[in-house]
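Here subunit A shows up in two complexes: once beside subunit B, once beside subunit C.
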Partner chain A sequence: MAYTVTEYVMPKLAMAMNEGTVADWLVQDGDYVEAGIPLAAIETEKVAYDVESPVSGYFYSVVPVGQTVDCGTLLAHFCTEPRRPDAADTSANNSTDLPADTLGANEARSKRDPVAPSVVDSASDTAATFELKRLKSSPLARKLGKQLNIQLDALTGSGPGGRIVKRDVMAASENKTHQSAQLPTAATEVSGDILATLPMSGLRKTIANRMVQSLQNTAQVSCHWESDITRLLAQRAELVEQEELLGTRVSVNAFLIKALVYAIRQVPIANANVVNDEIVIHRNINMGMAISIPGSTEYDSGLMVGVLHNVESMGLVAIDKGMRSLIARVRNGEATSDDLSGSTFTLSSTAGIGPPGLKTTPVLNQPNVALLGPSTPIERPMIKDGEVKACTMLPLSFTFDHRALDGEPAARFMAALNNALEKPSLLLT
Partner chain B sequence: MSENKYNLIVIGGGPGGYVAAIRASQLGMRVALVEKDQLGGVCLNWGCIPTKALLRSAEIHHLLKAASAFGLRVSEMGVDWSAVVARSRQVAGQLSKGVAHLLKKNKVEIIQGHGTFQSTNSISVSRDGAETVTLSADHIIVATGARARDLPGIAAGSDRIWNYRQAMTATALPSSLLVVGSGAIGIEFASLFAEFGVAVSVVEMADRILPNEDTEVSAYAKAQFEKRGIRFLTEAKVTSMEETATSVEAVIETNTGSSREVFDYALIAVGVVANSDSLSLEKVGVELKNSSIVINEWGQTRVPSIWAIGDVAGGPWLAHKASHEAVATVEHIARHPNAHPINRANIPGCTYSFPQIASIGMTEQQALAANHKIRKGNFPFIGNGKALALGDADGFIKTIVDDDTGEILGAHMVGAEVTELIHSFVLARELEATEDEVGMTMFPHPTLSEALHESVLSAAGKALHI
Partner chain C sequence: MRTITLTDAIREAIEEEMRVDSSVFVVGQDVRGAIFPHTKGLVEEFGTDRVVDTPIAESGMYGVAFGAAQEGMRPIVDFMFGGFSYVTFSECSVTTGQYHFLHGSQHALPIVITAGVGTGQRLANDHAMSIHGTFAHHPGIKVAMPSTPYDAKGMFKAAIRDNNPVVIPWHMGIMMLKGEVPDIGDDYIVPLGVADVKRVGSDVTVLANSLQLQHALSVAEKLAPEISVEVIDPRSFVPFDMETLLTSLEKTNRLVIVDEDWESGGFAATVSARVVEQGFDLLDAPILRVTLPNMPVPGGYMEEYVAPNPERIEAAIREVCL
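Coming up: the complex of A and B.
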């Protein structure tokens, strides 16, 4: 059999994935690798994946461990003989010059067809994707980044059009040395004014970019009201009593999600994404949930949006269990691509953390057009049927994108939600 | 806006000033350009361009002398020096008119006269000693250039002790010429006159000629110039000059002692001095250092509304540096999102002598001094087919590569048309291409450019034709 080479490229493991880092090769150069065995650990900004070998052959890596490359970039070769391919073996132009008897036409074609594992298909849903721009960087900056172990995607380029150039990498490298040299002494030196300097990189940079983009690109309106959840809490108390039977301690959030499903059925446009100048209204309700995670230091915080899919078809218990396991996966770094994409509505709660009665102006989780931000309930005297009664009021902040949603449907949505929360029997409908 | 109120006033219409004016107008500013002499400045009228025209005549002369080597017979050959000068002046005049046209097309108001600062935002313009008009602007860019530096105690500009301006309009070819200074200007005139049979002696204070170039280039070029009849005195200085009706007597001090020599003419080419006087700059608070205006990376002086670009703001004294500073400064003033200060480590230098010299970035000595671990590439033109076909295979291309990153730290060239080759390295450095990317680049065959490719390859031990 003639010597042929199959190219293995950086797989696109999720819709939102534009680049990936080879965290580890799980096989050695020169190994004969069977199709289907674990090949590499690939990390994206959000998720780590183990990928399997798509074909069998002698494995020769091209991209070293630690390097970040665009999807579709050549990562490795699978060869039919234990020999590292040279330029002539891998160049499509050269291969056509070879006599037909040493390299058949089909083989020549297969050589040029790069393989990658099947893509996780979330194409049916225009997910809440991270909009990563193509990283513009100079060859020298990339080389220096590799040598100095600086991730270029965390840098802001100072070259033309934001291109990352040598001075950016050198500056980052100096910062790094500076910080590692300074931080330990900062703890002991009382004289220092600066407690910590946090790099705007990685997750922090992603959050920053997304928040600014959201505020710049949408017409956000925030509204506030309080719903009387006294009856809802009484119903919940009954479910909490059955905790052992149900296998979960049903949370107020589960009721909230159920109420949102009810309100979305009344006003479907609240369950929509704005994508490429189109308002895409979804039948399925995929609840994005803002989940706080530890930051890079004790001073920092992190935030990710986990997605509980198809909550419209779930009961209270299923929602509650699904929510709890989703939060655990996100916080433990075990979230799958699906766990982090595809939201159609966002729930961002500060209940139990903020003071009772807190009102917020939450920032939309683009491309979702609406977001609900409940916070810590407050006890208030309310007039019910002409009598003053002690009620538990849930403060609610609702942000909507006025590009997609006008005041009238937004008000109807809030009214429907309020109705469902105050009359929880509606949640049974 | 009143008639004499502008967004920007530019003082000086050379390659810094006129470019600043055009760019500012493109960005929507109302611009006045004040020029006391000719548009285009020294570069177009008395520098870069007319000397290239003269050197072209010399180059053709050189080729004609060698005609038989190319299988050609030339029956009668001679030099009509005044026609050589006339052609040079015609080329300069044509370009200067072109600048006037460009400024007019870009709606820049041209005001003839000498500008003097009245305040941080206004200047008065005088003509023939009389004040004509006062102009004010939000920003004022000083682009008044530089003039030839005199030797201590010896002023150029007399009948037989020339500055560059007299040298390029000499009425007749001298029999012998003393050139003081072996920088680009001195070496170009030495090459020019030597080609036309003038006995040229060059005096240089440093221990080598072209002291800004890599030492290997200096040494090689010196040998080439000597082959063409130029005599060099290094580590030497002219301590006095006496002009008679028919000659210049110079006292030249070297390591071995002092000697008195007689020349037909002398040319002083010992650098330039900024035209920062007679502008009342100090009056408005602009700081000067060794006559150059002190600026920040954007060309801003200590006075926020006053900017300086080009030769008046310090070296290297090159037209392309001035033009690029002009664009950077104007775009910064206009808050243009793509404004970038010029990259001072990436200013190419060219000397249009025979052979030509061109360089970019660090010399070998500078790279080592900056603690780079380097690899050197070198490719001689004798290994280049096109150079052999041209009959001009003297010279080489040397490259300095960072051993760790493959960054092209510097490139130094001597040989045929190297001033037209250097831009590949300028571009590579600007784009931060490393030796790998240049190595992968396909240079057309047969061209001189293949030599620069091979030079880069040779730094990694991968040269193919040596």
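Coming up: the complex of A and C.
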């Protein structure tokens, strides 16, 4: 086999990452490094990442520890033979650039964008961002995609070797036209002053793409019900009284997460991800939590999914504390890559913001197959044991991916969750 | 309109131009005896001064033409078989093509170079090869090849009237191809540098010339129920009509280039590169070439195993239309 050199460049690990520092090389020059093993510690202004080796080969560093370089700058070489490459090797055509930009570096974006390895994409492992994936598409398909505003990465190519060709883009475009035909036409000219114009770029664009992809690529079913949380609130009140002792004011959300853990134990398929045509059911429960974050102006806001890992082994207090610090880290732009990846279930609450009793149809956070969207409780008269009682009802919206699970397990899951919320002593089990 | 053969059409063009312009003459080997019918009868009408036979000595033969052109004559040099033009290749490509440039654009060199070329006669090697790609490589020479009797008469007239050196071989595989040509006396030319859409289609463009054009048209007819094939005849290789090709690709987005020349460094490769440079975004599939493999053209029945043919053209069309 000929001597070939693969170039490894400073990866772009976050939306706003423009440069990074090699905090440490975790392998030695000349080592044979297998793909996927920890390669380096990379620090940005706000986050430290351990990155994995994207390929296998003999490793030779170019940038020394401690040096800060722009994204895309050559950091190291991976060689097929244990020999440091010289200029002739690296200028040859056989070197392959690894993608420096996993988030679309070409987009101009403001410094104010929060830092995150993946936005909303909480479940994708950062290692996956190194995947040497090339979208095969014809030049014409790419041009049409731009003209018709069709995202090619959402399409399946029907050409030779899976190449996306003109007919694939045209079919997607026809679908789109069909859908938008039912919508009112957007006004192109509006008289009067404009309050603010927000660029559909950076975080906003990532959210937009992921929401549209989620709606286009899954079979989402949303269900609604109300759980009587009168007793749960009474128990919580007892814990709130012990706030000083516990070190936190235990929130309803912590109870909700405990109830979800209970329901997932009953119906494990609700705690799953669809990855590469496989439904992967997880033993540990990593709770993705939709967190709103400040936007670039006073008029908008963004959304990221923070992940609280292994909630199945945590008590109410640990969950509550973990949740609070996670939210703070995400909002302050201090989230680690772990904080933003690996979710197995999503919780997206509008409680305290939405009107009492609000029901929604939340959009799935891919690749999670299920999402719970509680909102603000509402007081209702309920009949209990033949008598009318004042009850606090928690409105719940639940979306599941019908590709992965059917109505029967989904209904059992909702029943188990309802049971746990209405009889909070079950949370002790 | 009459129906005549390709070689008769060439002969008419030469005759008519010789009648109206006394500076036009033919020089070659056995042009008086007319080994090929396109010079038949010329010596009877125009005499031995204007239909000049030479020994089998291409350099001397071409030297006669070159010197005459320098002095204001308009020679038609006939190499009989295109492969033998290479005997005097330095003169007829390098020196000829550069002449106008090297003389400060002050002196024209109106030479027409013609010869029979191509497969189909099972003659092998020098007797069966194509020359258009090699001449097209050299600057300063126009290169064209007719595919129909109509084009042959019009293009030969255009070549004889052109003040630049023009290489205009004709393909032996279609020498007896018949087609409609205007009556004698109805003067017309087919301008050099203009391609012709020989069949309109919408799924794939096939660029083909001479014998291969006939093959491409027969394949297009056969595939009509399933694939709509547009067939373009480049007619001229230099200058090449990119506009007609790109216009076609805007519609079809797929291109097969059939070129009866070797694969390496040929006209097909040049067109392919230009399309990628100028029309990348028009392509929905890779460009495919159907050419001769890089080996000498064998004689006898073996010729059919290397020459482009309808089967190979059909296979390429199907591949780009996957």
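Operating definition for what follows: the second predicted complex is superposed on the first by the 240 of 429 C-alpha atoms of A that agree within 3 Å, B and C clash if a C-alpha of one lies under 4 Å from a C-alpha of the other, contacts with A are read in each partner's own complex, and residues count from 1 in each chain.
Here, a residue touches a chain if its C-beta (ideal position, glycine included) is under 8 Å from a C-beta of that chain, and two chains touch if they have at least 3 such contacts.
No experiment lies behind these values; they were computed from the predicted model shown.
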item: Partner chain(s) touched by A:Pro64 [first = subunit B, second = subunit C, both, neither]; value: neither
item: First, second, both or neither for A:Lys143, with subunit B first and subunit C second; value: both
item: Partner chain(s) touched by A:Lys166 [first = subunit B, second = subunit C, both, neither]; value: both
item: Partner chain in contact with A:Pro381 - subunit B first, subunit C second, else both or neither; value: neither
item: Subunit C-contacting residues of subunit A that also contact subunit B; value: 138-141, 143, 159-160, 165-166
item: Residue ranges of subunit B in contact with subunit A within the complex; value: 338, 340, 404-407, 431-434, 436-437
item: Residue numbers on subunit C that touch subunit A, as the complex places them; value: 253, 280-285, 322
item: Touching residues (chain side subunit A, partner subunit C) in the complex; value: 138-143, 159-160, 165-166
item: Residue ranges of subunit A touching subunit B (in the complex, touch as defined); value: 138-141, 143-144, 147, 159-161, 165-166
